[in-house]
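Letters A, B, C, D, E and F name the chains as they come in the text, with residue numbers starting at 1 for each one.
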Amino acid sequence: MSTIARPHNPESDPRVKAVFDDIRATRKSDSINNLWYYLAFDPPLLEDIWRGVKQVMAEPSALDPLTKELIYIAVSITNSCSYCVHSHTAAARAKGMTDAMHADLLRVVSTAARTNQLLNGLQVPVDEAFDREA
Amino acid sequence: MSTIARPHNPESDPRVKAVFDDIRATRKSDSINNLWYYLAFDPPLLEDIWRGVKQVMAEPSALDPLTKELIYIAVSITNSCSYCVHSHTAAARAKGMTDAMHADLLRVVSTAARTNQLLNGLQVPVDEAFDREA
Amino acid sequence: MSTIARPHNPESDPRVKAVFDDIRATRKSDSINNLWYYLAFDPPLLEDIWRGVKQVMAEPSALDPLTKELIYIAVSITNSCSYCVHSHTAAARAKGMTDAMHADLLRVVSTAARTNQLLNGLQVPVDEAFDREA
Amino acid sequence: MSTIARPHNPESDPRVKAVFDDIRATRKSDSINNLWYYLAFDPPLLEDIWRGVKQVMAEPSALDPLTKELIYIAVSITNSCSYCVHSHTAAARAKGMTDAMHADLLRVVSTAARTNQLLNGLQVPVDEAFDREA
Amino acid sequence: MSTIARPHNPESDPRVKAVFDDIRATRKSDSINNLWYYLAFDPPLLEDIWRGVKQVMAEPSALDPLTKELIYIAVSITNSCSYCVHSHTAAARAKGMTDAMHADLLRVVSTAARTNQLLNGLQVPVDEAFDREA
Amino acid sequence: MSTIARPHNPESDPRVKAVFDDIRATRKSDSINNLWYYLAFDPPLLEDIWRGVKQVMAEPSALDPLTKELIYIAVSITNSCSYCVHSHTAAARAKGMTDAMHADLLRVVSTAARTNQLLNGLQVPVDEAFDREA
């Protein structure tokens, strides 16, 4: 159950069709996953989100594609976004994440959450040594 | 201002001294940052947290050390732990993170947060295609 | 599956019946949604929560009713409360939220989350110009 | 720096004075901490928040006062509310929390955060055995 | 203390200057607040973030500018982004938010957070009545 | 649907069997809940997580076992971890949590969340009086 009605035949709108075609070409796959399908209820929002995700995740940049997917999963776990955890775990596997890497990712994410809450409880002052301008 | 009193001369406790010595040896540095210094108020907790962080972050594993730091920063940002963001950004730089990689990390983290909240608002059903057992 | 057992015939308790009657009168609807039905397991908690929500959301105040629903949805999305997102999206529609307004809400919420995490990563000092007493 | 201007002489408003007097009587202390002082910018909000906190934290209930403070700190840590962590840690100490109890609280909070994120990453189905109605 | 070094004379880079000029023109103000100043460390990221914020917050859309600021503040509070809370509270005031509206915003945000956590604790099933396709 | 495949016959691995046997002995129950079953996909991670949870939750410490479960639930609610809320609510009941205590827990958690967001919105300075070293 979504908060919006599932669009019927969204590709009859040429703006939606253009985005879906670009998703298919970028991912070399015919399937359009539910995020994009439902987002078609508002074509400008669909265009913006797709452009943003494509630019950050599909274009070459300082970090390699798999590292970016691991970071994406880490954020999605911490924000408790079930859909995002599922979709980006699948994406990471498609880009080469093994079970051992998945376990290591979960190890780092859960350890970070542990010390994050420890520090939020201790309220320790930040060391001067961490100051880049010092 | 911390929620606990800053310990005075914590290394007079041999359990604390053993942890501090291991921190110095592991990091090849004489300085002990505030997290560990304050945590010395409870030696068993200090031992547990250090053992956990060392095992996950300092021992060889499926992911390389810099990738693990980037994931750690991503989680710390999302949990809004100021101390952790500062300390692990410094750690990532020490392991080779450039300004361009830092910018790319922030780009991925903020893009993930954006789509996380979009999905939490849409409540779209998870695609069957993401099911590993399908 | 809830963490509490679904109450059987909760309106046999007069405190519960009084709250349910007020919910029906306030909302001009016969149905009692699951939040209130399950909360009937503890009548004082039911009374407190209903009184608080009614006072803030159903009584005239500085912000209009639809704006308050949009803010409520924004918080619920960010806290990843699926039930709350569903119930308050339905409430916002009943108060006039169109698809275009819904899309705009999602646009603002996701943009805010993006810059929130960017800032939590940058740890930029707050400008003096934002100080109301300056 | 607060987002609202610090009120000048707030007790000149009798509604504020009544709340401040009740805070002093309830806490057996002359000092009014900043939360209440700043909240005086809107007397109805001050009244509501104080009434809610007093009812939940200062009146006898199923859980004892110290346990309630520990739970309050746990939530405040997880929501990254620095002010709340400081004020409720002080309150818990005033009610008998020792350093050993504080360390144990931090141990439980950080362990829970660790497994929370692990589970959010695994997306494991909830066991039927946890169903209260099963 | 930021995680990046404060850029020196960032407008010597024409891409940065173009963004800063657009910020000044859009806001009809000479000052550049710290977010944009520090973001200049990576001109493409600066361009992306400014374009996204400007498009969502400064261009006419289904929701009015002040409502969008209130939603932005609500999300920033919930994500515990201190900088964002300060900057968008200032922006909302500039667009007409009174003290009474500010108090009402805080009332709705805190009430929503209260019921969000109540529901996350109860894990109540979502009512069929909330299904838009039912 | 989980992000990892449900392991088949995990106890054929002696490291997994040793952990499962210890879970059964510690809990005096034959059943292994899904968290541990799925975690068996990576035996070292299973060992670490079980050791950490057992040490904190099952061994005598400054706080009693039921109080620790209540704190665990509070954190799990705030992190929006549905599985954790279910499993630890069941654990708390097994250790003596009554409906009245459960209602009180929810009352404290939701009140804390309310004031947390109020304070994150007000950005009130921390009182000097809360400083342990003052």
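The working rule: contacts are C-beta pairs under 8 Å (C-beta built on N, C-alpha and C of every residue); 3 or more make two chains touch, one makes a residue touch a chain.
Owing to the predicted nature of the structure, the values given are computational and were not obtained by experimental measurement.
For the pair chain C and chain F, chains touching both partners: A, B, D, E.
Farthest chain from chain C, judged by C-alpha centroids: B. Taking each chain's centre as the mean of its C-alpha atoms, the one that lies farthest from the centre of chain F is E. Annotation: the chain A:chain F pair of sequence copies touches via predominantly different residues, less than half of the used numbers being shared.
Interface comparison, A-C against D-F: more C-beta pairs in contact at D-F.
If you average the Cα atoms of chain A and of chain E, the two centres end up 20 Å apart. Centre to centre, using the average C-alpha position, chain D and chain E are separated by 27 Å. Each chain gets a centre from the mean of its Cα atoms; for chain B and chain C, those two points are 33 Å apart.
Contact with two or more other chains is made by residues 1-4, 48-49, 52, 75, 77-82, 85-86, 89, 100, 103, 105-107, 109-118, 120-123, 126, 130, 132 of chain E. In terms of inter-chain touching, the protein chains here all touch one another pairwise.
Across the complex, chain B meets chain A through its residues 1-4, 31, 33-35, 38-39, 49, 52-53, 56-57, 61-63, 67-68, 70-72, 74-84, 86-90, 98, 100-101, 103-105, 107-109, 111-127, 129-130.
In the complex of the two chains, the chain E residues touching chain D come out as 80, 85-86, 89, 99-100, 102-103, 106-107, 110, 117.
The touching residues of chain C, counted against chain F in their complex, run 1, 3-4, 41-42, 44-45, 48-49, 75, 79-81. Residue ranges of chain A in contact with chain E, taken from their complex: 1-6, 48, 52, 55, 126, 130-133. Interface of chain B with chain C (complex): residues 73, 77-78, 80, 82, 85-86, 105-106, 109-118, 120-123.
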